[in-house]
Amino acid sequence: MLKAAVLGATGNVGQIFVQLLDGHPWFEVTTVAASERSKGRTYNEASRWRQSTPIPEAVAQMEVVDIDSRAVKDVDIVFSALPSAVAGKVEEDFASAGYVVVSNASAHRMDPDVPMLNPEINCSHVSLIEEQRRKRKWDGAIVTNPNCSTTVLTLPLKPIFDEFGINSLIVSTMQAISGAGYPGVASLDIVDNVIPFIGGEENKMETETQKILGTASKPADFKVSSSCHRVSTIDGHMEAVFVETKKKAEPNAVAEAMENFVGEPQKLKLPSAPEKPVIVTWEKDRPQTRLDRMEGKGMSTVVGRIRKDPVLGGVKFIALGHNTIRGAAGCGILNAEYLKVKKFI
Amino acid sequence: MLKAAVLGATGNVGQIFVQLLDGHPWFEVTTVAASERSKGRTYNEASRWRQSTPIPEAVAQMEVVDIDSRAVKDVDIVFSALPSAVAGKVEEDFASAGYVVVSNASAHRMDPDVPMLNPEINCSHVSLIEEQRRKRKWDGAIVTNPNCSTTVLTLPLKPIFDEFGINSLIVSTMQAISGAGYPGVASLDIVDNVIPFIGGEENKMETETQKILGTASKPADFKVSSSCHRVSTIDGHMEAVFVETKKKAEPNAVAEAMENFVGEPQKLKLPSAPEKPVIVTWEKDRPQTRLDRMEGKGMSTVVGRIRKDPVLGGVKFIALGHNTIRGAAGCGILNAEYLKVKKFI
Amino acid sequence: MLKAAVLGATGNVGQIFVQLLDGHPWFEVTTVAASERSKGRTYNEASRWRQSTPIPEAVAQMEVVDIDSRAVKDVDIVFSALPSAVAGKVEEDFASAGYVVVSNASAHRMDPDVPMLNPEINCSHVSLIEEQRRKRKWDGAIVTNPNCSTTVLTLPLKPIFDEFGINSLIVSTMQAISGAGYPGVASLDIVDNVIPFIGGEENKMETETQKILGTASKPADFKVSSSCHRVSTIDGHMEAVFVETKKKAEPNAVAEAMENFVGEPQKLKLPSAPEKPVIVTWEKDRPQTRLDRMEGKGMSTVVGRIRKDPVLGGVKFIALGHNTIRGAAGCGILNAEYLKVKKFI
Amino acid sequence: MLKAAVLGATGNVGQIFVQLLDGHPWFEVTTVAASERSKGRTYNEASRWRQSTPIPEAVAQMEVVDIDSRAVKDVDIVFSALPSAVAGKVEEDFASAGYVVVSNASAHRMDPDVPMLNPEINCSHVSLIEEQRRKRKWDGAIVTNPNCSTTVLTLPLKPIFDEFGINSLIVSTMQAISGAGYPGVASLDIVDNVIPFIGGEENKMETETQKILGTASKPADFKVSSSCHRVSTIDGHMEAVFVETKKKAEPNAVAEAMENFVGEPQKLKLPSAPEKPVIVTWEKDRPQTRLDRMEGKGMSTVVGRIRKDPVLGGVKFIALGHNTIRGAAGCGILNAEYLKVKKFI
């Protein structure tokens, strides 16, 4: 078993890391680190555990340590669920101290020498680690996963991109409140309400999508326009996607491409890889957030209502994925599994 | 005072007609008609009044009559809040019996000789009444308002259309549960959920938008693509709109065009006309459904977040309007006011 | 494996029966029966499956049959999720045809010769089957589980009743929308709302509680007063309980009694028996509906905030249980397991 | 017009004070005070106005001043919407500086020499001001209104208390999120959830109810037991109340007492006094939070489902009132109106 530290372990994404790593065949949480406020308390006390599965017993009684590479000892991998404002410097310190940091934070995602992996799509980008180590003069590494809404979006885009090409795309999101962490969105802001703004999200969706679907050295050159909205759901980001393809793309052919799509995680049978990265539903009113977000144990994007788009000339469809599993901790763990198999850890 | 009948008076939109007509300076509800089930009961008993203002006293004790032109006597105007399946034939019967029917139902909206009025935009389409009477050989008339989501959308489109031209547009909606009537959407379908499908809605948005922004005889020739979603809000349809303009349209110029926009209802000072059909907000996270749906007494569309759209090359923005007021009964009443001023009633 | 029929299999509780029986070690669903409307369609088509786990493959393709003892062949046990209006006569027919009917319907619950089992509490009431068979002259049997809110309530009452005695109790409920079935509660009735009325529920809580905590022949003689309310939660009934005990009952002693409480299902290690029927939490703001309803796989009642009650002189506490699992299908299955072990099936 | 300062004007209750005082016939907001963070900004900037009516123009451009009796000049009355932790000392300073402080904060409510007025019930308690001034050696005064849930509860209790006597009562609440202020309750804590705990609330309901229904010098001696729960509603506290009366109280007689109940505010025709402090509804499923909270412009308690209580031997019923209007700012303003008429201001 590889020993893992979780940084920012008491927050919502940190808790999902702890939850998903409970019983993991390769990784074992041996260190939980969080901010000053939690230091010295047990994880159970500090985390105010808010998941609907019980707090893993082995972790519950651990003492929370500082988010400091000197306080974290004897671990083989570091998972970062830090807020971005903190993550930038801290993750560099850990990489500099020799750790492989698998991060959900946005701080380093767009750095040209940092892989941002949605591993079914672009795990070849791990090649950037070499450049990163050379330029930054460290033995560790920083590897990131994309923003939650981008992760959910790019899975079904990949087979379209490969088979039909993409010129441009427009996407409107209906995102769950868990995406804002805890306490996050105030209840007075979301009951009987929609908030048509999520700070930084539209820019992330537009730039991260290009980086993921590009090569390690060059972003894809299609245009992306997004509009991001917060709705009153617990988990699960729904997205209405309109795609202009390079080649004519009939809905049936697009569905077939999605259903046949598998990536390296499936071929390598990584423990957290869903059987199908994209699941296509044909029911007229699906996917629905509450009913479908756990498909593929929360690691698949469910696509429905694939139909012709009269404006962009390609297809439009609905995509749904679990924002804190596939869109955050689950994707990070899948990345770590890939890194292990490829001997980076 | 003109005497008004409300058909389908016990349903949700029927109740909004009764609510908005309470204290109206020109119209007075003197007849309430509903289906067999309600016949002979008082309106109070039959309606299970579900609005947050009290049931108007004058109407509460009226006996509900049949939805039949022979049962409705001595009225000057007929408001129809009938379900579309019923409305087609019934509204023809009333028009045939000489009544002017102002309808919220979709049954006749797309008939080429029936005006579908969002009156700030296309009240000149009332000219179709003449053709309608000639072809259908009746003295009455059917005049409709658009679908709720289309009404909200077309108000801000009109100033763009006039000043910059429109080549195409993409719109994703987040629609309130009241749009489905009562009982309508099951609570198990909407708590912690989004339903990415509303029967017939996308087709309505695409075709009705073209008819409203066209001339009386010819729909506008831009392309429209929509994706419609039901979210957990009581009232208020939010829409993320992406527009390809013919001429270059800077966000500031678009905002100015919207703010300056007025139509005939404003010029004629019709009682239900909002001061501004379109209200522009500059706060970064507005409009919000619960906070802004009652702007202009529920008769305005509130627009926010006007920004450049990198894909279609025009602008993208958020629009919000009240679906059962501007998008249904309120628009119908505004149409009736226009018809009265123009001597059709 | 015993072959099981589920009557009313397409409704919400019917679906939970099918879901919970999937992979059950003793019972296998071989027949699904539903109303006329569903007859001849596959279960997949007819059920519009609405659970967040996938529809069990083995059942998905079964043809739905009539709710008629002549249409149901070759089964060893019949689970009834029928609406009460239908259940009365149908369940008698099945019992008369020799089947053991394990029913969630209220129709026969209060019949003096029908056991209403919450099996940790009163499985000795199965003795009524003998009387039932003699009086009704049938070889089958009808065994019921209590109303959902009563099931959740009576688990923590039992250890209080046994150790301290109960003179009276007052309970106010906050019940989930799934308790009303599908479509059930209209969304316009529950978003930003509480409905302080559930038809028949208060009477059920008051009479069923007495029957369960009594002997097979005589209800318990304490008084019960309830007030039932519907709130906007998907699953999980929360109850604020105030108990007047016969003997002085300190909160700590009550908690200890609850924690030590086990019943026959635990002793017999029945497959669906939770390890603990009652789980006591000491966190100041728990149990919470969404976070705690799945404790004990949805088969436990979670109790929190046990404190002295200054009015009744005993204790007050919060109880929470899963209404469609422990409160309906799960309790029915646990009853069936007990009946099998006791050779009634 | 009397000039009014609002302390804590940017918070949720502060905003309701500003909203309700807009257009008030006697009081005019001339000073808005808030914490350090807001100082020097306009009220519009500082408040992030979150009400569904527009921000009053006259107040929007005012500069926010310090919460300090030296910064507040030239006002005739001070309304306090301060958090309790701050209110204790600050309100004393203002009273000491000669101001009459009408406070919604809990800090001084239970002080024996501070009136806690729900004015239909106990406005005679203003006599405590004399004692307060004497003991505290100040010219000003502190007058409070009760906690929101207590205000709603005590209105219907008063006619029962007067006509039938009260020995004890049990109450379970279902309270709106606005009661916790803004940001207050995290959305992850309330969507698809109930929280069975509100810090300090149960103690407040139990002690404040006794003080209000007692004389100025002595609390009423009946016992109160409460259980407080937060549910997913925006505004409106619902309460399930069980009352043990001294004299036999038939539901019809209780309803009649409630309907006939008026207090000093009605007799004095105070501007904010509702026509009826208690409105009785006979519909079987009312009052409902969203539909009935604005009865009496949010100043009445609506009571429904009055029925016999088999445990306490009196009656049980449902009470609903608007927590930020009747339960906070509206009650404060009504108190101020009474104080003005009685020449305390």
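So that you can tell them apart, the chains are marked A, B, C and D in the order they are listed, and the count of residues begins at 1 in each.
Definition applied: a contact is a pair of C-beta atoms (placed from the backbone, for glycine too) under 8 Å apart; a residue touches a chain by one contact, two chains touch by 3 or more.
Please read these numbers as outputs of a predicted model, since none were measured by experiment.
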Touching chain A and chain B alike are C, D
Need the graph distance between chain B and chain D over the touch network, please. 1
Which chain's C-alpha centroid is most distant from that of chain A? D
More contacts between chains, C-D or A-D: C-D
Just give me the whole-number Å value for how far the CA centre of chain C lies from that of chain D. 41
What whole-number Å value describes the gap between the mean CA coordinates of chain A and chain D? 47
Which parts of chain B, given as residue numbers and ranges, touch two or more other chains? 50, 189, 191-192, 232-234, 290-291
Spell out the residues on chain C that touch chain A in their complex, using ranges where they run on. 50-53, 191-192, 234, 290-294
Which chain B residues qualify as touching chain A in the complex? 168-170, 172, 174, 189, 191-197, 206, 223-225, 227, 229, 231-234, 238, 240, 242, 244, 284-291, 304-305, 309-312, 316, 318
Per the touch rule, the chain D residues reaching chain A in their complex are 12, 50, 177-178, 182-192, 232-234
